[in-house]
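Structures follow.
What follows is a pair of complexes built around subunit A, which joins subunit B in one and subunit C in the other.
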Partner chain A sequence: MTSKPVIPYLFLLPSLALVGAIAFYPIYYAIEISLYETRFLQKVAFVGLDQYARLLADAGFLRALFTSLRYALASLALTIPIGMMFALLLNRPIRFRAFFRTILVIPWTLSQAVTAMLWVWVLNPSYGPLKYLLDQAGFGQVVFLSNPDWALKIVVLVNTWMTYPLPTILFLAALQTVPKELYESARIDGSNAWSSFWRVTLPFMQNTVVATAIMLTLQFFNMVTLIYVMTGGGPLGSTQTLSLRVFLDGFYNFRLAGAAAVGMVIFLLNIIFSLSYIRVLRRSELY
Partner chain B sequence: MRKLMSVAVLTAVLLIPLVASAATEIVYWDFIKPGDGTPRGNALAKHVERFHAKYPDIRVKVEVVPPSSIEPNLIQGAAAGSTPDVVRVYNYFLPMHVSAGSVQPVDKYAEKADKGDWLLPWSSTAFDGKKYALPYEYRFFALLYRKDILDKAGVQVPTTWDEVCQAAGKINSPQVMGYAFGLSQANSAYAALEWTENMIAAAGGQLFDERGRAVFNNAAGRRFFQTIADLIGKCKASGQAVVEFTYNHMDEGLKAGTIAMASLGTHRYLAIRAGGAGENLRWAPPPSFEKGKAAPVHVNGWTLVMGRHAKHPEAAWKFMEFMTSPETQVVVAQAGEMPTRKSTYQDAWLKKPESRFMVEWSEYIAKNGRSGRYPVGWFDFGQILAEGAQSIGLRNTAPDKALAEVVERYNKSIDGKK
Partner chain C sequence: MRTSRRMRAAWADAATYIILCLGCVVAVAPIVWGLLTSLKTQNNIAIYPPRWFPAPLTLEHYRVLLVDKGVVRFFINSLILSVGTILLSLAVAAPAAYAAARFRFRGKHTILLAILATSMIPGISILVPIYLLAVKVKLLNNYPFLILVYGAWLVPQAVWFIKGFVEVIPRDMEEAALLDGCSTLGAFVRVVLPLIQPGLAAVAILIFVFVWNDFLIGVTLTTQEEMRPVQVGLVRFLQDTLGVWWGQFMAFTMLAVAPILLAFFVLQKRFIAGLSSGGIKG
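On to the complex of A and B.
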């Protein structure tokens, strides 16, 4: 009769304790606090699912939810293809490849706050360089972040500009793992560039693409600083996302329980997104 | 001899840290880094140096905390049982800290303090009869304008809001905004908040009652919201871009000459001049709603508070008292901030012609200054207010309707908390 080895688990225990303290305890605490009424940082009374019921009745919450989805999915829809495009270009034996690889990564080196301040300056309707160029082109007064129909689109574009280097680097690394002989075989079989990409490159990079999509979706859904600095959630609340709401409610309004409840909604959505992507990955044909 | 010298040096090396550690160390949170090269940074370094010279047994450890982090950090620290000794807190947030229990009253230390030598009454930073803060500097909402732009357009400095509408409407163009105000939700909607509290006061109303409920859905509120509509619509004095303007937008616009007039805090006056506007930037009293009548102003500013769990409260009080003493306040004035002590204005430095503007400011607030009422939900109010005011320019919402929605929405949000 063989006994179960205990020693491996003992070795794992410190890491599990650390992960538990850093990851699981805060989640537990957030769930707990969302079931209470709070005053500043103190629990006042147990109210069960009251905080969640209030969210469902709050038009602002539902609007923020849709804004979050639009922001995350729109940013993803731009960042992944752009990242892929640059990865494919940088994978070719072009001149000054190293130089282009360095230049293209620069947006990623800037923090969200710096990126936001940079673009707020560029788009400034009084003295920004874009205003100057539009004036020269005869367009007159054009406002971007003041327009509630445009503000979210602008923030999505800025986010794309800031984020595309990450998928570029990841896809570039994944491209190195695609066997060259497959391209040769495809060429012999009469494949053009597009069908080579679709039938050879993409299936081989599938895991990387899905993992990147999961990572970016979670990042975009949880993003606060860029939106906070660029628009503060305006104009007319058109750029207020759930994560921004959590930040403002938790750290400025000190509505800890309400913020925790919204945080739990974000957490659940993150899990749903991740599981959905993994499901899509498992269903697809794998080499 | 050599041996004796070595022993002496060794003894000194061992004793000096002991002596130094015998000094009391107090922790002071400020958003300004001492000696960072800015006027206020250099002033703070000077304050600390002079304090150390006056109180050699007390050391001040300045910890730099970004302004937006002071409130959450102080409240969280108090909940965790650990706060700095002294903190620089903006007056808007004093009620929040008093309510959260993150600061302590200083009455027992202030028994012998001079309570009469302040531009505003001693009670201005007292809550429920207890004194919680000492005002470190003051500022108020003045009309800052570019003289060169007004002269070029041939307009006089306006003294009423109707005159602002006319004058700014004459100046406004795609290149230069006639009158700028900020309605952005970014930067905690400070620009919108500061403008609103002063406009409601000028219109003869008040924002909140004692319970913190919004009570300006009345003639004063309607007057203010109608002014927003007129500036954007009827007079075309301001562009739609005001919807995204923050404090910094207006500051930089005045520097760059792309904004002709704006209502900003006086603390930005010298910085805008130094930043490019130079002698072209002037100040005027805030416009009123009635010709010939001075507009009341809410006097705001940074204050010094004692943390709830201050380790060395007596030493902390000495620092607070020192920083707000008439002598130290002269250095505050030299750094471009308005002193809070009446006697400071008798100093020779403030008698110079180039300091005249600061004396004029003190005279204005001595006659027309008052303290505002800032409920715990002040930040939330700013977001709701900004959104409501934006709808006037973006969705052509009737001013009365926008006003009613702001007041109702804010009061509902307070009720939701209970």
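On to the complex of A and C.
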């Protein structure tokens, strides 16, 4: 479209100014802080990469990194298959499809804080309904979130509960684009439902699955609120992920430089995840 | 052979219904349990084995929250923040989306990439510097600043979403308006904006859900109790209340959820459209 050459720039300027001021500048600022020693809110001395070097020697940091990876990967390993299962079921010619879809999407609309509140109450070790059910089934003495062996697993399950609708809807949309002829020819080749899923459906949806996996991994890795409200990182640090550590260090322990440095590590890991996924995607497309 | 195939189809249908029904039960059970709890008397809450149904029924917890504890304040705060962010984000993102969809100009690719790239920055990585920035320029507990932060978070996705809506409207009407002597801005405001209203509405819903459900940005940038948004008020209420008043906790939770569920049931199509566009959940 023809117009004065400055006009498109003027239209884009507000967006650029906003994201520049409140996304790019803070990244620069975070890098700067992470190079200093801070005391409360003041920069004290320039220490270069000391903060980062200290992290590598910090057992707590490595443990949090490992916890983050376990949390993200375990959640991914549950949400993707569950999402796929519901998408396949909802794609069948059944009655009340819209109803089932609506109800199944509900957990996604809830905030992390609300989800955490609801589940902490369901999991209440004195009066909770889940304790009652497990008691009836003969499991003695369940403590749920105060058990360091179980806390992370439970938070992963709750995270799965609130996240599975996203892959469900994305996979359902993708399923509806698979050409019917592909199934016909697979059936003629003697494929049953199971093998035509692996031979036809999955390869066709591969891009959607990978893109969803990237989005979810990043979301899980960067998650704070759900874990913070459910466990606060405990018991015994067993649910302290990297992101939660940034939040606690930054706003409760006032170790701002350390928090900024961990934040940068998270940023870097986000980039690495995205790039490695894209690489996997490219390679499998060539294949 | 034929009957066995029919049998198998019947089994597959039965299994489908059973799994979907179980899924639905699991999806709503915690919410229903919370709702039931919020309607029970304290004696019927702290009790084992649990009493499933609220008898007698009471609205006492809601009364305490709304009248004695003044939680209405948090809801007004979140409403202000949501509306403000919707207005700001749309005002900023719509022209950008229009320029991105319609014009060719130098540096377009770079500029768009720069805007989109910011949506890759994890919030948790820049929360500490944004907090320090707010302290430095004395903008803690300041709604315009909070709205700017929310807006910056949401604008990249809003631009992409709206761009898709601009691209599918025919160009003839804008061109006619331009020939009639309309300026580019005039054509955008008078011709394009009315046509992309459904897109703007969908983005507005997504922004509302994001801002209403946000805890992290709100807790970082508000330190005074009366400035807290809903989610922060909710979590702090759980953490600061002495004793285990689960009736009140669940009543607060239900109040926090109500606007979102209402919007979801009324505007389901747009909700799900937003979700499949790469839903935002902070």
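Definition applied: the second predicted complex is superposed on the first by the 257 of 287 C-alpha atoms of A that agree within 3 Å, B and C clash if a C-alpha of one lies under 4 Å from a C-alpha of the other, contacts with A are read in each partner's own complex, and residues count from 1 in each chain.
Throughout what follows, a residue touches a chain if its C-beta (ideal position, glycine included) is under 8 Å from a C-beta of that chain, and two chains touch if they have at least 3 such contacts.
What you see is a predicted model, and the numbers here were worked out from it, not measured in a lab.
J.: Should the superposition on subunit A be reported as showing a clash between subunit B and subunit C, or a fit?
T.: Result for subunit B and subunit C: clash.
J.: Which of the two, subunit B or subunit C, is in touch with more residues of subunit A?
T.: When the residues of subunit A touched by each partner are counted, C comes out ahead.
J.: Going by the contact rule set out at the top, does A:Leu62 touch subunit B (first), subunit C (second), both, or neither?
T.: Neither: A:Leu62 stays clear of subunit B and subunit C.
J.: Answer with first, second, both or neither: which of subunit B and subunit C does A:Arg92 touch in the superposed model?
T.: After superposition on chain A, A:Arg92 lies in contact with subunit C alone.
J.: Kindly classify A:Phe267 by the partners it touches after superposition: subunit B alone (first), subunit C alone (second), both, or neither?
T.: Only subunit C is touched by A:Phe267; subunit B is not.
J.: Report for A:Leu41: first if it touches subunit B alone, second if subunit C alone, otherwise both or neither.
T.: Touch status of A:Leu41: both partners.
J.: Looking at the overlay, what does A:Leu248 touch: subunit B (first), subunit C (second), both, or neither?
T.: It touches subunit B, and subunit C stays clear.
J.: Touch test for A:Thr231: subunit B only (first), subunit C only (second), both, or neither?
T.: So A:Thr231 only meets subunit B here.
J.: Does the superposition put A:Pro125 against subunit B (first), subunit C (second), both, or neither?
T.: Only subunit B is touched by A:Pro125; subunit C is not.
J.: Where does A:Leu275 make contact in the superposed view: on subunit B (first), on subunit C (second), on both, or on neither?
T.: Neither partner.
J.: Between 25-33, 61-69, 79-87 or 187-195, work out which stretch of subunit C sticks into subunit B after superposition.
T.: That would be 61-69, the only stretch with clashing C-alpha atoms.
J.: Show which residues of subunit A both subunit B and subunit C reach, each in its own complex.
T.: On subunit A, the overlap between the subunit B and subunit C contacts is residues 41, 124, 126-127, 135, 229, 251.
J.: Enumerate the contact residues on subunit B facing subunit A in the complex.
T.: Touching subunit A: residues 71-72, 75-76, 79, 96, 99-101, 174-175, 177, 183-189, 239-244, 249, 252-253, 256, 258-259, 376-377, 379-380, 383, 386-387, 390-391, 394-395, 416-417 of subunit B.
J.: Provide the residue numbers of subunit C that touch subunit A in the complex, in ascending order.
T.: Per the touch definition, subunit C meets subunit A at residues 12-13, 16-17, 19-20, 23-24, 26-31, 33-34, 37, 45-50, 52, 91-93, 95-96, 98-100, 102-103, 105, 108, 111, 114-115, 118, 120-133, 135, 148-149, 151-153, 155-156, 159, 171, 174-175, 178, 184-185, 188, 209, 212-216, 219-220, 231, 234-235, 238, 246, 249-250, 253, 256-257, 260-261, 264-265, 268, 271-272, 275-276, 278-279, 281.
J.: For a test of understanding, state which residues of subunit A touch subunit B in their complex under the given definition.
T.: Contact set of subunit A toward subunit B: 40-42, 54, 124-127, 135, 140-141, 143, 145-148, 228-237, 248, 251-255.
J.: Which stretch or stretches of subunit A touch subunit C in the complex?
T.: By the definition above, subunit A touches subunit C via 1, 3-5, 7-12, 14-16, 18-19, 21-27, 29-30, 33, 41, 85-86, 89-90, 92, 94, 100-114, 116-119, 121-122, 124, 126-129, 131-132, 135, 161, 165-166, 169-170, 173, 193, 215, 218-219, 221-222, 224-225, 229, 243, 246-247, 250-251, 256, 259-260, 263-264, 266-267, 270-271, 274.
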